[in-house]
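Structure, as structure tokens:
For reference, chains read A, B, C and D in written order, and residue numbers begin at 1 within each chain.
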């Protein structure tokens, strides 16, 4: 057991474990900390933060669906200044590895966020959420437009400098994921986060109207896992050198291993934490045990292995 | 109960019930006929047929996933000539309403299929499957390219003449579903079928390779229902005059009603029949009862009702 | 009203008893010493559907009462309405079943330091936590009166033992099948005046809570309301369960009802903005 | 080998008994008069996981035996290996549980019109349908010998009663923990010669069936194999369960193992093309 090298890297940041929280599914860490030490997992990806404080969408903000759920939060949050003042110090105090997720409504807003984060010590990476389908400006999801995606990442890269790894988080709701991925990597992303939620809707049969206050919402949970594994596999095939933070419906070590085999260097756990506050620890333990049982000496050897040994099948 | 008008129309074809089979999930009807009379449901949408006989993909062709499944059949089928000679007469004998689904690898193949179907009596509509992600030529899914989609439908429309309704079946795996929908309607489609399966993958953790023989497969079942309802809602909002055949994870009358409320004029039942051979009858009965319980006097009044009464919520 | 119930723990708890009461199911669950940490107003979040369930989220239920017995140790009681698939599954579990429970969660009803007149108003299963609360208030020397309402008599939950803790209990049903025909709110204005009520504790559907607040806002009566918004996580990490609440400066923010609630100061909740964009 | 088992019906059937046998679970299910329509080789498709299950597909199991009793009417026996979540759920069901079953499905083993020498070869739970088959063959006056193989002894299913119907039974395990160490196929060539075998009936993992066919293809022995491909529907509507089979003209097509199988003419199955594109 102890001989497994379970560590991973995204860009030039090192993590002792490849199991992270997912943005928006751990708030800023504080609430999960009563169930386990934040230091004991790979990293905490914080809720996407915008420049200003935001109250978000009207309720209902959730609907459970078969093996999944829809959410429509609308990026409620304190704004970057309060986040830096309050949440970062807390996470540093907990000795958590911190990945800050940022979201903006304009390309400038992303750059502004990057500028504010630039001087902040103790951050391992910035995840740039260009794919949230819930922002007010519907029809204008950056991640659905290769050009806009590139410009966001380019702006963040220029502002933040060369040090901090940038993880571009993409949406699966596109015709050609690989070209979007290639674009953001060319623009300076060190890694990719795949996948954000899939756009969905539930009709409330009492009111006969869309159930969510925001009408549509993002589908997450095990229901979307096959879509996420496919996305990771396709992108890793096209861009094998680019590390991927894989996510979408992971709720066991076996699920996590599917992502690793498909090409993810690390995984984020979102919806599973809602059903089970200690899901991260369980998944982390199971993944480690599975890798050992399968004879891997390092996590790195397992990354993308589903693409190799074309004859083994 | 008896006062409900349960009938529906797609283009100029009338159906006594809005509950149909889904293409590829009922073969040519014969196998379901031992569980119920094909005449008793709205219509039978047959497995997409190509010009020549096809053996399809290697096994494994399926993987169960949380609340869904992946399939990778590769359009195995007898070819259009055998289909017309053997299956159509059988379905006519059963007094089924017949919707023939066609699939091609080239725009010409679709036109050829249309030409062969043109003279065949007893068909209620042609569903043009331009969205199957399983065809050999990957990267070339017609439904992911607005221009190619339009050309397929245009070819079919010209060849088949103005009589037979054409239902264009679209894929959800696109950035801008509405523009694809608009394109095929402009090209002559009378109705739209939404949605085909979502591209997915499962990794087999024994072999550490993609589980399906064809690597990727199409995700269907309740897992994708929120995606399908969203697609129907969005397209109906943009094109309220175009009838929609809705599908994706319907397994109860309540599920079917969600699609109707979102804007579908009829629904197809696919994966649910695998789990329950009499699913169509149950869903049809439940949908009828629900409509009556909610005070509708006709199915038509319920179509798209989730878009109306903006204040009711 | 505080931040994060630090007593919360995730445990596998045994269902000790499961009995039908009217249209509800009374569940007694063994939670050991955690029972000592549960206060009236707190809730629990339970996994439903078992290993191969398509339900990925926990279900929230108010803790109706807790007790410590020699036979079972600490137990808690829940009153569950079979509503959808998750609560139905729970109601069908047999004695001895193991349940994955996170408990206790959320804020508790504030208990006055002085013996005052308290009016407890419950709608449907909302009465469940009020009986435990009544006992605590009674022990503090408060006068406790109770109003329960529901659409019909079988949805009134009012156990015999519970009634002992209250000075008076009035029941209202919309169909008149039990108690008086009408709504609990009909009686409140007079009761406030007659009994010199200092605080109203309420638990039930949001429209009922809003209607109560419309009454208390015109008076000096404090209103402690246990709100109910759809919750995905129950532990503060998803931001789905928010309710618009003003702070002392009047600034309104969306507070999580699982952490800053379910018990909130009714006067600060922006009832007219619930379910709307701020 | 035919087309569509027209006897198939969907019923709610009661589980009468559920017993552990080695690493398997023996399920006895009441299927009433449908038991009369079940033939050795047929299978059933069962819904798993209950109402709120995330498992959307049925699971296929060979009918091991059927019987008619005065107490229960018609019953069938299944031998289930707890493999994944669906079969495990089934193995955990208690007596009295209602199961949603489609039965009987698929083709049956062809029974020779003459009394001939028959060799039955089973791998793992593949032996289940062979005992019922043995009884039928015996009644036709056939000599019936049986070879069972598995990785280990606890995976050999060979009930006492069943053994009565066979003239001889040899067991092979890969770890040598029961019977002889080795594989069933080791013994077949000699047995064919020694016993003058006319037909081999096989049921088990595909590689075993292929290995048997490699032997029979070099002889006159007829090989009736019960194949096993992953099935989504079990009733012929999904095309997932296909196996490459030649027709009399030599043309190969992908036949559905749920309708044109599970029992197929081993000589026509293209064993080397299983799992490959044609």
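Just so it is clear, a contact is a pair of C-beta atoms (placed from the backbone, for glycine too) under 8 Å apart; a residue touches a chain by one contact, two chains touch by 3 or more.
All values derive from a computational prediction rather than experimental measurement.
Visitor: Please give the intersection of the contact partners of chain A with those of chain D.
Guide: Per touch definition, common to chain A and chain D: B, C.
Visitor: Of all the other chains, whose mean CA position lies farthest from chain A?
Guide: Chain D.
Visitor: CA centre of chain B versus CA centre of chain C: separation in Å?
Guide: 46
Visitor: State, to the nearest whole Å, the distance from the C-alpha centre of chain C to the C-alpha centre of chain D.
Guide: It comes to 56 Å between the two C-alpha centres.
Visitor: Whole-Å distance, chain A centre to chain C centre, using C-alpha means?
Guide: One centre to the other, that is 35 Å.
Visitor: Indicate the residues of chain D shared as contacts by at least two other chains.
Guide: Where chain D meets two or more other chains at a single residue, that happens at 54-55.
Visitor: Can you tell me which residues of chain A touch two or more of the remaining chains?
Guide: Correct list: 63, 66-68, 221-222.
Visitor: What topology does the chain contact graph adopt: line, ring, star, complete, or other?
Guide: Basically all the chains touch each other, so complete.
Visitor: Could you please specify the touching residues of chain A with respect to chain D in the complex?
Guide: For chain A paired with chain D, touching residues are 66-67, 222.
Visitor: Could you please specify the touching residues of chain A with respect to chain C in the complex?
Guide: 24-27, 30-32, 34-35, 47, 55-64, 66-69, 71, 73, 76, 213, 221-222, 251, 271-278
Visitor: Help me check something: in the complex, which residues belonging to chain C touch chain D?
Guide: By the definition above, chain C touches chain D via 48-55, 85-86, 89.
Visitor: Under the stated contact criterion, what part of chain C meets chain A in this complex?
Guide: 4, 6, 8, 10, 47, 54-58, 100, 102, 229-244, 252-254, 259, 274-278
Visitor: What residues of chain B sit close enough to touch chain A in their complex?
Guide: For chain B paired with chain A, touching residues are 63, 65-68, 70, 144, 173-176, 198-203, 205, 207-210, 215-217, 219, 221-227, 229-230, 233, 249, 254, 257-258, 261-262, 290, 294, 305-306, 309, 312-313.
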